Structures are given as structure tokens and as C-alpha cells.
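Data first, discussion second: the structure below is written as C-alpha cells.
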Amino acid sequence: MKYVIIGNGPAAIGAIEGIRKKDKKGAITLISKEPHHTYSRPLISYLLLGKTDEERMKYRPDGFYKDNGVDVMLGVTAESIDPVRQTVKTDKGKVPYDRLLIAAGSRPFIPPMKGFDAVEKKYSFMTLDDAKALSEALTPETRVLIIGAGLIGLKCAEGISGLCGHIAVVDLADRILSSILDREAAAVVEKSLREHGMEFYLSDSVEEFKGGRARLKSGKTIEFDVLVTAVGVKANISLVKDAGGACERGIIVNDHMETTVTNVYAAGDCAQGTDCVTGQSRILALMPNAYMQGECAGRNMAGEPGAFDRAMAQNAIGFFGLHMVTAGAYEGEVYFERGEGLYKKLFYRDDRLMGYIIIGDIRRAGIYTAMIRDRTPLSGIDFELICKDPSLLPFGKKRRAEMLGGVKN
Amino acid sequence: MKRVYVNEKWCLGCHLCEYNCAFSNSGGRDMATTLMGVNIRPNIRVEEGEGVCYAVSCRHCEDPLCVKGCIGGALSIEDGVIEIDKSKCIHCYTCIVMCPYGAVMPSEDGAVQKCELCVKTKKGTPACVAGCPNGAIVFEER
Amino acid sequence: MNDTVIEGQVRIPSGCAISGIFSRSGKRFSGESIIRSIEVMHDRSNGLGGGFAGYGIYPEYKDYYAFHIFYDTLKAKRDCEEFLERHFDIINLSKIPTTKVKEITNEPLIWRYFVLPLPTKLSESQLTEEEFVVKSVFRINTDIEGAYIFSSGKNMGVFKAVGFPEDVGRFYRLDEYEGYCFTAHGRYPTNTPGWWGGAHPFALLDYSIVHNGEISSYDANRRAIEMYGYKCTLQTDTEVITYIFDYLHRKVGLTLGEIASVVAAPFWQTIGQMDAPERERHEYLRNMFASQLITGPFSILVGFSGGLMALNDRLKLRSMVVGQKDDMVYMASEESAIRIIEPDLDWIRSPRGGEAVIVTLDKNASEV
Amino acid sequence: MAIEFMYPEYEVLRDPDRCIRCRVCERQCANEVHTYLPEKDRMISDDLKCVNCHRCATLCPTRAIKIVKSPHTFKENANWGQKEITEIYKQASSGGVLLSSMGNPEKYPVYFDKMLLNASQVTNPSIDPLREPMETRVFLGGKTHEIKRDENGRLIPIKRVKLELSMPVMFSAMSYGSISYNAHESLARAARELGIFYNTGEGGLHEDFYQYGSNTIVQVASGRFGVHKKYLDTAAAIEIKIGQGAKPGIGGHLPGEKIVGDVSRTRMVPEGADAISPAPHHDIYSIEDLRQLVYSLKEATNYTKPVFVKIAAVHNIAAIASGIARSGADVIAIDGFRGGTGAAPTRIRDNVGIPIELALASVDTRLREEGIRDRVSLVVAGSIRSSADVFKAVALGADACYIGTAALLALGCHLCRTCQTGRCNWGIATQRPDLVKRLNPDLGYQRLVNLLTAWNHEIKELMGGMGINSIESLKGNRLMLRGVGLTQKELDILGIKHAGE
């Protein structure tokens, strides 16, 4: 069996580990445009922050490819696939496959902005190379303008906060981290970030760049030396789309990570699957999902059936020591608790927990995540107790015996 | 594979496991001097409720969500034991969001800590098990 | 009697040599060969006791109990004879013929009586004849100071003394006796009493026992057997073993084979592997006769009317071999003791621990 | 009374350099001796409540706690000791009978400690138990020397009721109620694993333990609690309890507070009602009455089970045992004056009865003199503390021993002798659920198995040393014993010689 994997992120690594759980021998070829050993992209902000280095950023140890018998083609770009002959055409030649995984991820999306092309120092914040280039452009006096107050934009802001003089963030949304936080929660985080010297221009956008200045829709102007665009990403779907596979915003996959093209799978940020909380088909561009989709794809490619139907939004992020965790969908009734160092919202509906936002004391939040993932009926547990304090106590003896005692009921 | 299992029927809520864990992972020579005045942060924690008590520590899942979720590759499985490489942990706490048992937790320095079955202390039986006075925590194949 | 403590006052452990010769056909042979046999094992004795038992030696008095008695004093003889006359019909009495041997000293008066219980006394006692005899023997041995009956069977006799067995044999002129079975004993006691009664064989009625060993179960066996009317006055292994055999054989009615399964019982583990009926029998015997189990080293030869049995303890902690040539069966502590009298054996083997070797006279044997 | 003249008997010493305030002691002490003072970040203790059970000291992870006898003392007096004085105070304060538990702790001679064992040297070989089989299997029940044969002359085994024990030790009667469910489960499981027996005592048999019936001796005592047909049928043997070594001549009393839930159901006593076992069986006022009960029980169980009669060792024990041996009983169990109890009046416990060694020796001798030793087996109890005690008892003439206190020690008992309070910190003599759970039978039973496995090894070693490879050759083998420091009278009663003889 010949496996070909396009991509070198967590989905690709998950696929390798998934394949090898079942098939120790089949040939695996990995094609990646980036020339680097697999590394963790979210770590690039920590690299700038000095909390990690290139060595420690490696997502898997140096021997990983060799230990798993992977033939690696780094710095090679996959250009198209031929689903009939089952080959991948790359800029270095054709590679045949029996099973193909597209784990090509996404690329920055930059909306059309007047004068953008003329901005001299402009960067994205997606890759290791992006991060290195950005950091080289910074001096302690540099004023940085970040377009986008989402996860990427703000992690970038945190990452460079010690390397530059000033940071301004512009976002069209009325709050920061609009994709994961509600208004109140966002305010909590925003306050903390402002305390670290950041400026926010929300419900606003750039009308025009001119000289070292951005003029906003609201009429405000921001002077800057370096521009970072972190508005959003676009899934890399063209390989499948061109081969006639179904795509929307991402490559459509089922619970087995199969695309509509025979023997072609997709996983990670380029794939669009079902959100187990909402039931909607969407891209869940999150590392845990990417890995688990990749692993599921790998197993299925190696002939071991098994679905991954537990994809959901789940985020853990921190800025300057303020931690927040979120998961699921913010729908239904709300349990709200706010106290010293704690902001907690639990969303529940139809006898199940739908989602949560917790800022501050995030200990044991995984118990809530599991309840969302497992659709634990709230009527079967002491919900009041668990709202206050995530523990195994509300689950009852029998369930605990399964969880802690290995007892199979 | 041998794992730590907890039978709450026999848990006395004495919290010795917590102290034994904290001591074992401290690398200290003597518990009294090592833990004197220390607010311990054990990898196993006793939960208590109405007439119920039991200890919770990492289950060392076969299919561990924490490892899959770890964005930095800091968590890994070595011979079935889920270990944390603290130097690679960047304190994102994705693992905490992933763990259904609440068994992964931030340590004092911010990196996550979790039960590693005392493999790094090289004492064989995990300290919580060895010190449990009532066999409520066992280390065995199931 | 001097100041030395003797058997009965103290328990004296001893090592020994034993030998036995048996003619299946009942052909009588001289006691000379048994002397030669036991003499070979000279080093297994230390001169502090030797003795013999002969079966078929008194054919002319075969219906009478032959009492061999040591007397320390004439008074003892008088008292004893008075007792005997009151209870028995004495049809013959004589000194047992001896030869002066320089190695044998301190000899007591040694007398022999052929007797039968007085019918009136016997019926008065409401005992069996044998029981009457046993009771009388016990009474004399315990109550009449200085008198000791050391042989009380029919058509058999025990000859023993302090000295090396070969000297004892010559002393008693054993070569002048003829019988179908002889056993011999050379003693190596680890103490120095000088009492003739303490020498072996030990006999009661027709049972005579020569024994090599020192049993560990002694007091358990003694206290158990004493419940059944026996008195272990000598505190010797041989005495208690003799009583156990007498009890189990004569009173309880076990066969010699069954007795072997009691006194040298198979281990539970072995019993557990037997077929059901066999297992149940062994379980029963071990359970019911638990106190008759003998442990510790022993090899014994049990002489009885018409037969001879050899038995080792269950672990075979003492040496013993059995050989055969034609109708003759030989049993001894050492092979040399057999080869000296019959170099050309049909076979020779070493019985396993607890394995009873029983030989009896052939059906058409010439002599009983 | 305004002033109590009591001063703590023990003091809790806490090493401040070692106490890490983990508060394990506080959580584990049912007597509430230890308290944490958060404002001072200190542990304090109320010594007066301490019973010296060592739970805290044992669980303290830093060994910071020591319990010491209080040096606080009365003026020296060879006649009025601390015990005598404080007992007066207690009674003057309460007006009640003094109660205590476990066995007689007073300084009477321990004859087991004055007897030494023999070993083989040169003249006969010792036997290596690692190389040769060493048999400790014991049968309890009367023996017969009657022989039956079939037409072919083959021996027909006569069926006799009997118990087969892998070794000459059993767990003595301790009722469910006086000890906990988990203690009972530990005993039952250990008995099964070891191939021996445990005894229900007079507390009935919890239905959960019917599965251990073939290793269970059920007791029929004067209160007849928990006795019914199925109870008898389930058991391997039935024991009529006449007396108990710790309290000969008196009955028992389990207070109503302990008669709850399963204890009530198992005893067949209404919840909250006191369970009072009368001093005598009111249907046994004489030996012939005993015979009737023995045969009633045999009838009720179709002559399938051995019947034990358990008596306390009292002055004329030999004559009593002789009577029992003739009553149809299969086993006589004799409980010496050191025997344990869950609660007994102190004066009775400490002053009534005789030592088991002397009782055993005289009973064994008497039964042999009367020629009836084979009719019954003798089981002795009353402070058998080690394999050596077992060994000496067998050499004196016992068929087997009962152990109670030793078994409880194996389960964690620290002999604090406050069973009567029901606050056993070791989960043994209590019915409080939070305390009962402290005894995990998975561990408890294993410790019992370990203990007796070790004892059995030791018994085999001792046997091998004296050249005996089967326990029946030890039974009554008093030559293997020698006395040290005993008077001629004592030696005579024990039927042994003095060392050196």
C-alpha cells in the first residue's frame, strides 16, 4: 500500500500515526511545501515571546519520519492530483498513491484594502518563516498595526509585545476574539490586554493605507511602521476541487475523512466536517481537531474503519498569563458565575451541555468538554454541583467505577 | 498495561496519596523537610462529597485526547505512560480542555503536570499506590 | 542393680544393625548363620546390646507359651515363680543353656518356662488366653522387682544380652537351635546402661521386633498406645512399636499390609493420587489411626508366627535391603550381612520407604 | 461530680519538625484526638481521648507522631498501682461495672513461654521441609478403631463426620456485630483460601457469607441469635458455646445501638433491641441436657456435621471435658483465661479461669486415662500468639488451635482494648460505616493468609527440626517439650520434664 500525504502539520502527523497503528509496512510519502521538520504553528507566537525555540517547536522528535518509515519530500509543492491514475503531480515530478491525504491547511486571507500593496513592511502570521521575518523587522521603537483581533492577531500581538514599541489592533467585529468569546468575556480579556499597552479599534476597518498611516472607516488614523494582516484564513481546497471533489469553504469530508474523490482523504484546516455540537458542516481549524481528523484518516486509509464524529470547537488560549478555555456552541440557557479570577459561562439546552467559556481558573475544564462531546444527559448527574465545581462527584458511583476503576458496566 | 485504578469503596479520604505523590515527584529525601510549609500540588487529588471519597489521577488512556490535543508535542506516550515534557509545554492548556477526568493541571511554573505513574522516579510502584493504607488505589493490569 | 539409669527410667536413643533370615518352605536351619550375618555389621553396634529371636525353635512345646525370664536376684525368681504357679500350668522349666564367653559379663539368672494359663484363672479373668498372658507379663515386669519376662510367645524365643550380638549368640549357643526364621539385633545406644532387658529384640507373645532407628513420634505413639492397656515400661522405640503391632494386628484386626499403611503411611499427596476406593481406605486408616503413625527413622523386622515383615519409615531414613535365594529370604541393614551367608542371591533390592515386605510360610510348608 | 480525677493515660507527642500539617491524623482518629488550628497552622491533640490505637502514628507519613505513656504518675506504691487507683476513680464517678475488651492483660504466668522444644541431633536426622513433604493436615472429629470388611476381606471405611484442616489452626468465634462485616469477610475468605475454618460466634451468619459455608463453623450460644435451619445446614460444623475464656460464667450483651441494619437481620433481633445472651443456656442446666442439645443439633442436620462444644477453662476442666466427651460431641473447644472478647466486665476477664496450657494438659491426660481421648478432638484457644504456641499446644495434646486476637492483629488491631466503644479506628470492632471501610477485606484476607502461611512454614520447620514429618506424630508428643523455671507441680500437670532431664 502506498500512502501519500500532502501537508506536514498535525493532521499529517496524525495520519502517519494513524496509519502506523494498523499498517507497519506500507510506504508513506509526505509532501510539504514548507522546508521545515514538522513544527507546531501556533507556537510561532511563543517563539517570538521567547517561551520556546525552533528546536522545541518541533511537533515530533527528529527521528519521527525515520522511525515511522516516512519518505519525506520537503519544499515540494503538490500541484494537482489525477484521481484516475492515482498520482500527485508536484513541481518535482509525479508521485503515485493508493491512498492520498490532503492535509494542506490554509493560507491567510487578505481582504482588498486600498493602498495595501504600497505598504512596505507587511506580514502575515501563519508560518515559521512569517514569524522570523516579522521579528527581524521589529525594533523596540517599532509601531505595529495588526488587522484582525482574532486568535492569530492577538497571539501575534502577545508574541511581539516585548519586541516592539506599540501595538494597535483593528477589527471589524465589535469585540476581540469574536469567534470564541461572547461580548462580556471579550471585554474581560480586552481589559487585560489594554493593561499591557495595546490599543484596540473595534467595529472598524482600514479604509486606506497611505504612507506610514492607516485611515480607518471611523475616521481615526493610526501611524504604524509594520503591518500584520490576521484577518482570517482560506482553506487550501484547490487540489480536491480541481479533481472534481466536493468543496464548500473547505473540502467536504465524511466522518471517515473521505472526500468525494475515491481514495482521497482530507483532514485538518482544509477539511470541512460536521460539528458534533451544532450538527453543522464547518471547518474547525483547531489543532486537536486537525490531529484527530488526520489520525482518523490514517486509520481509515490503512483499512481500519472508525469514525471521528466528535469534532467540535475547543480552544485554550492565554494572554500574559490570563487563561481562557472555550468549547462547543454558545446556545441555550446560561449558567453564569463571576468571581475573583473567574469568569464562567456554561451553556446548556435539551438536557445537555452545549458549550462554555471560562476565563481565569480553568482547572478541570476538560470535564465540561467531555460532557459536551459525550452529550452527557444532565438529568443523570448532579448538574448544580458540577456547574460550581467540575469534578467526577456528580457522575455517581457507577460511572466513576467505569472512569476510575476500569470497571466495564 | 498496569495502570492506577481507584476503588472508592475503600478510599478513606485520608489524602495520603496526595502527600506521597507530592513527595515522590519532589525528588526530596525526606518528606517532612521537603513538604514542610509547602502547599502541595500532587498529580493525584482526592475528591470528597457526601459520604464519598476517591482519588483522581491520569487514567493513561489508550487513546489519549490530551496527547492528541497537545499543540506543542509536549505530551507523549512512552510504553503506554503519558508523559509530559515540561520544557516543550507552552502553557496553552489545551490538554486541560481535552482531559475528561480533569487529571491534567497547571503546575506552579505554569507548565502542566500530570501523573506519570512515577516512571521518572524509578521507584516501581507509583507512590500513591504504595502508600495507600487501604488498597483503594492499586496498580495493576485490568 | 547398680546406680546406672536403665531403660524405663530414661529414654535412650540408639542406632543399630538388624538382620533376619526366613525360610518360606519352613525348612529349619541353625542359628549359626544369623550370628555370622549380624557379626559382619559389628561396627553398627557398640557392645551395649545384642539379641536374637528364633521362630520354630521349640517344636516339641509349640502349644505352650515359652517365657524367657531374667532374674536379678533369687528372691525375684522365687516371687516370680510363685506368681507363675498361681496363674499358669508350668510343664517345663529350666535354665537357658549358655556358654561362658569372656565378653559377656554381669549375667543375670536366665530361666525358661513352658506354660499355659490355668483354666480356672483364665475363665475367672474373662480374658482371652493371649490377653491373659499379656496382662500377666505386664504384671510381672512392673510389679516383681528384678524379674523381667523378655520372651512370651509360642514356638519362638528371644535371646538377648549386653554385649556384641555375635558374642551374645555364642553365649546363648544359638547354633544349637534350629528354626525357620531368625532375626538379630546389634545395638548402639548413646548411653551406657548395662541392663540386659534393654537389649533387643523386644517381644510380646509371638511378636518380636528388631529395630534400627530412633523415632521422633515416640511419645505421641506411647501416650496413644497406653490408652489401650499397654504400659511402656522400657521407653524404647522397639517396645512401643511392638505394642502398636500387637494392638493393630491382634486387637484391631488390621492386616500387616494395613498396619504398614498406618505406621508408615503414604503422604497425603500420594494418597491423593490413588484410585477412589484405595484413597478412601488410606484416608480412613490415616485419619482413624493417626496416633499410630510413626515418624522419624526406623527400619524394623517384625517376626510373628509363620512370617516376617520388613518395614522402613516413610522417608527411608534408615538403610535396609531384602534379598532372596530359592526359598530363603534375607533382610538386613546392610547387603554385606546377607552376602556373607548367601553370596549367590536370586535378587536383592532396597524397599522404598513405607513399603512393607512381608514373607510368610508357603501353604505346604513343612513346619509351623 | 465536679472534678474528675482522670489524667490522660497516654500523650501524643508530635514532632514539630516533622509535622507537615497533612491532617491525616485528624481525619483518621475516630476519637477526635487531633485538631488542626488554621489560624496558628498547627495541629493540637486532646490526650484524654487517646486510646493508644496507633492509627495516627501508623498513617502519619512523616512519622511525626509518637504515643507515649504519660509520665504523669501517682506516688509510688507497691500495693496501690495506677490501675487500681484509676479504676476506683472511674467507678466512683460512674457507679458502673468496669468494662474492657480483648484478653486478660495481667501478669499471670504464660506457660507457653516456659516450655522449650526439642530438635534432632546426630542420633536421628532432622528433616528438611524444603526437600521432603511435611504434613500439617489435621482432621477434627471422633475416631473409631472399629474395622469392617467386605466379603473379600477388604476394609470398608466407616463414615464419620469430620473436618479437614490444612493446618492445625482455625479462626475462633467472633460475631458479626462484635466485629465488622469486612472483618468477617476477611476471615471467611482467608479460611477458604487456607483450607481451614472460621467461626461465626453468636452473631448469626450474614447471607453474603453463605458462600463460605464449607469453611464456616456456626455457633449456637445461649441467646440462640441468628440460629435457624439454613444457618445450621450451611455450616461445616456447629459449635455449642457454653463459655468463653474472657468471661467464664457470664453471658453477653450487644447494646441496641449496634443492633442495626444487617446486624439486626443477621441476629434476628429487632433493630435497637439489646441482644442479651444469658449466662447459661436455659435448656442446659446439666451435662445430660448438653447431650440433648448435641443430639438435637445432629438430628437437625442429619448427622452430617461435627458438633463442637466450647467451654471456658475453669478449675475442674478435666472432669467437665470428660463429661462432654461422653455427650456425643465431636470436638471440645477449650478457651483459656487469656482469651479475647469484644466486651467483658473487667473483674471477670482479669480474675476468672485458668491458663489454657494447664487446662489442655490436664484434659488430654484425663481423657487418655479414661481411654476416651479418641472420641473427641481437642481445640484450644485463649491467646495462641505464634506458631510456637500452636506447636506446643499440639505437643501437649491439642488437635488444633483457635486464634482470635492473633487474627485481629493481622487485620490491623493494635490491642488498644477499647472494642467496647465501637469506635475501632482499624475498622474491626465497629459498625460505623466510615470506620468499617478502613478494613479492606482484599488486604485483610491476604494478611490472614500470609500470617497462617508463615505459621505453617514455621510449624514445618519446627517439625522437621525434630525429625517429624507429620503433625499427628507431634500430637501429645510431650517428650518434645521441656519446662524451664517451673515447679514440679506445674511440670506434673503439664506432663513434661524439666529442661536438662
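Which chain is which? They are A, B, C and D, in the order written, and residues in each are numbered from 1.
As a working rule, contacts are C-beta pairs under 8 Å (C-beta built on N, C-alpha and C of every residue); 3 or more make two chains touch, one makes a residue touch a chain.
Because the structure is a prediction, the values reported are computed rather than measured.
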item	value
Of A-B and B-D, whichever chain pair has more C-beta contact pairs	A-B
Centre-of-Cα separation between subunit B and subunit A, whole angstrom	28
Euclidean distance of C-alpha centroids - subunit B vs subunit D, Å	43
Length of the line joining the C-alpha centres of subunit A and subunit D, rounded to whole Å	69
Rounded Å distance, subunit B centre to subunit C centre (Cα mean)	77
Topology of the chain contact graph, where touching chains are joined (line, ring, star, complete, other)	line
Pairs of chains found to touch, sorted by chain label	A-B, B-D, C-D
Contact footprint of subunit D on subunit C as seen in their complex	11, 13-15, 190, 213-221, 223-224, 226-228, 252-254, 258, 265, 267-269, 277, 280-281, 283-291, 293-297, 314-315, 317
List of subunit D residues in touch with subunit B within their complex	15, 17-20, 22-24, 27-28, 58-59, 61-64, 433-434, 437-440, 442-443
Complex contacts: residues of subunit B adjacent to subunit D	9-10, 12-16, 18-20, 23, 30-32, 35-38, 51, 131, 133-136
For the subunit D and subunit C complex, residues of the former touching the latter	120, 122-125, 127, 132-133, 135, 137, 139, 143-145, 147, 154-155, 157-158, 160, 162, 368, 371, 373-374, 397, 466-470, 472-480
Of all residues in subunit A, those that touch subunit B in their complex	10, 14, 40, 42-43, 46, 51-52, 56-60, 287-288, 291-292, 295, 314-318, 321, 323, 325, 327, 362-367, 369-370, 373-374, 385, 390-393, 397, 400-401, 403-406
